[in-house]
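In this document, chain identifiers A, B and C correspond to the written order of the chains, with residue numbering beginning at 1 in each.
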Amino acid sequence: MTNAVTTPAVRFAPEHTSLCIEGLSLAYAGKPALDELTLDIPRHRITAFIGPSGCGKSTLLRALNRLHDLNPDVTRQGRIAFEGEDIHAAHTDVAELRRRIGMVFQAPNPFPMSIYENVAFGLRLQNRLKKRQRDDVIEWALRSAALWDEVKDRLHTSAWQLSGGQQQRLVIARTLAVKPDILLLDEPASALDPISTLKIEELMGDLKHQLTLVLVTHNMQQAARVSDYTAFVDHGRLIEYGTTDDIFTNPRLRRTENYITGRMN
Amino acid sequence: MDITRDVHSQHISRQFNQELEALKTHLMAMGGLVEKQLKEAIIALVEGDSKLAAYVRDNDEEVNALQLQLDNECTRILARRQPAASDLRLVLAVIRATSDLERIGDEASKIARNAITLNESNQAVRGLIEVRHISDHVRHMLRDALTAFARFDTQLAVSVVLEDELVDSEYSSAMRSLVTFMVEDARSLSSVLNVMWILRALERVGDHADNLAEHVVYLVKGMDIRHSDNDQLEQINDANR
Amino acid sequence: MNRKAAWHGLWPWLCAASVALSLLLLGLLLTLLLTRGLGHFWPAPLEAVTLTSGETFAGEVIREAELPDRSGQERLYFIGNRDNSAQDSHGTRFRWVSLDTILKREAPAQLVRLSRSPWGDFIGQLEAFEHSGQRLEDNAAWQALSQALAQPKNARPNARLTLRPLNGEAFIQPLAEVYRASRPNAMSWLSKVRYWADGVGRFLSQGPRAANTGGGVWPAIFGTVVMVIVMSVIVMPFGVLAAIYLNEIAQQHRFTRLVRIGVRNLAGVPSIVYGVFGLGAFVYGIGATVDEWFFSASLPSPTFGTGGLLWASLTLSLLTLPVVIVATEEGLARIPDAQREGAVALGATRLETLTRVVLPMAAPAMLTALILAVARAAGEVAPLMLVGVAKLAPQVPVDATFPYLHLERKFMHLGYHLFDTAFHGDSVQAAIPLVYATALLLVLIVLVLNLTAIFLRHYLRRKRATT
């Protein structure tokens, strides 16, 4: 099979779409990173993006909450609609958009503050809660991130004293505290040990009842374990997109097959 | 997506390639052994060779041992490699195929045991023509199913599945004629019953060969055709062309 | 092959040796400064020397040296008594004596050393203490003098002392001109220590005397510290803002790289160049204009049109600006982008990200920048000579009159004081110990400033890691 332009093999159309990506192309300083990507991300499901390093899956994730705005070298074409609204529309409040589309990064990045202050960070930005309400939200967020029992006695100690897995769950709690609709996870467990990884995966399964999750991962087993839908991206193109069951037992394209079974292309 | 025969030797991990290759080789070895068992059981029956029949009966142990070995290999690959897609389907198909092959082995030894009984009864055996006819057919099916497995040939596999229906109808007519024998000659009752057991065993072998062919389709196409009707099978073959 | 093997065995030793040499030299420097600087305040024993010529004089041994014209040694004495007309050359306070001309050396307990202003130290005998018609002699006189000096200056009796140098006529000395007295030969070890501590205290807390060859350095310490503080207040905001612009706001392309290289190279420009610039741009340029506009009443005598604290601080700010920018930028660059992105992904604006995440994390780097700037500024002399430092400033730049901080005043600076004492004093011999003491002080001030900042930085880091 050649790398020639092929129509991606898309085997399903979600019933409820949360994010709708249409013809998205992205380039770093003229170097193309994403090429005409079109797909819908279903609401309250876990959608995983897999693909080799540098295939553009993280780039795609960052495009979803407009993190690329920080980098003036990035040029973009195409449309991303979040709940029907174009996220690049002139009237879009980017800060509000990023609050609604939260993001968790590869390496845990808690701020150099106490655990409490980390979770309160996003709330303080909005600055509309009384202390009592804020405490409640923080407890709720930490409980949702399955971290409350481990840290409730040391909320005011530095977040940097937590283990890597706890830090990552703290970051998830921090993101949950501002009540996002979508949680983007950029290889959230790649720096963690297997037990912490399982905890994060378990957490993702719990969270999907509240929000839509989009996961980028190198770890195909992880995608297979946690996601409902899987998209295979290579060279900035969507190659195949379908239910995780289909992709991992019977992919339609040779390229997908080769990638997920560890074959040379 | 259909896979081809070389698909399991393209992994970046050569060790994995070797493991999957060994799996296929061992399955073919088991298939060859089972084929030989079946062939020799029929010969023992037709030629009244009790010694050969006893040998076939005892040799079933070897088939069982091979099944255990293959199951072990599959378990190890599942646990250590966590195969996906075509690799996963290969492992699953091999697990299922070993089970079917082991059953065929059982049927062969059953035929051998019945051959011994018939031989010891010293009576003229009726119905051997039907037996020979069906056994040729079934052995052909088994050989084709194994060939389809070895070559990842779904067309051949589908033809095996379709052939099984012929075997089934032949089996029914053979049974009817054997019932006629029993009615005609009450003394031949026990020997005819033995032949009926043998026919039943052969029919089962046909079913297992049919299963093997279905596993090949699952392996190659990722489709489960176990409970499909003829029209669907035709469609598969049409799609192949 | 053999040479190569030898080199392989040798090179770690070579490295270690160079470290050892550096440490040794640093140790020597500190030892020298400590012994000479602090030793100056130790009450040295006084000798009564009788020469073969029959002359007797009193003095403190300074050092010995080879005779210039023949073989043998000569010894340098500090004899003080500049007002003694009987001395060979009027006004000298030191005397070289060839060893072979010395007949006798004694250490009589009753020799006193008085510190006076004017005329400097007196070494000799205290004959009498006269106060309101009462005349006390010898030991009684010494006790009366000690008691009188123990009282605060304005409560001292209006007494008169009769002093007699060993080689001259007795004379009358008003007590008001005497501020310190000792009998080193009769002192116990403990009282010597007390006397030494008192001397150090006076050095630190009093103004200079006798054309900077005596007295203390308080105005210089004060001037240095005030100048450094004013400089920090000016340089830190500018430097930090510039670093933020370079690292956080500006696009990273060729021009920003060029600016960065430029800034780094500015740090290497000789400081005197900054001094010249400060003189031209600040003093003669801005200063003169300010005078014309706001202080024309007092012209032609300049207010801001001459060197002063503000111009000196500004010049040093300019000098240390590259250091601050580079150190701060380094700190900003070390903050992982993940932290910024984490904040942005929570809905923080660029400013919120900067103030709530980036700047708190860069605080230790900014402190490092401050340390470097302060260390550089506190030790700088050359540019200050052009833009506002004074040999002797009549007023310190901070006092109780409005506006309390007088930016236009000239001020004294330890570095310049050191330079001035060493080369411009009328008596080199008298200046040497003061030079060491001042140098030690300068080192200590820089050390204290640095240590404060280092502890602060350490505290910030620990606070972040634990609270």
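List of remarks:
Methods note: a residue touches a chain if its C-beta (ideal position, glycine included) is under 8 Å from a C-beta of that chain, and two chains touch if they have at least 3 such contacts.
The shown structure was predicted, so the numbers you read here are calculated from the model rather than taken from an experiment.
Number of steps on the shortest path from chain B to chain C, with steps defined by chain touch: 2. Comparing the centres of all chains, each the average of its CA atoms, the largest separation from chain A belongs to C. By number of C-beta pairs in contact, A-C leads when A-B and A-C are compared.
Averaging the CA coordinates per chain and comparing them to the mean over all protein CA atoms picks out A as nearest.
Inter-chain spacing, taken between the CA centroids of chain B and chain C, is 103 Å. Distance between chain A and chain B, defined via averaged C-alpha coordinates, is recorded as 49 Å. Chain A and chain C have Cα centroids lying 61 Å from one another. Residues of chain C found to touch two or more other chains are absent. Interface of chain B with chain A (complex): residues 1, 3, 7, 10-13, 16, 82-89, 221-223.
Against chain B, the residues of chain A that register as touching in their complex are 220-221, 224, 247-254, 256-258, 260-264.
Partner chain C is touched in their complex by these residues of chain A: 65, 67, 70, 72, 95-96, 98-99, 102-103, 105-107, 109-114, 121-122, 125-126, 156-158, 160-161, 171, 174-175, 178.
Against chain A, the residues of chain C that register as touching in their complex are 251, 336, 338-349, 352, 356-357, 360-361, 464-467.
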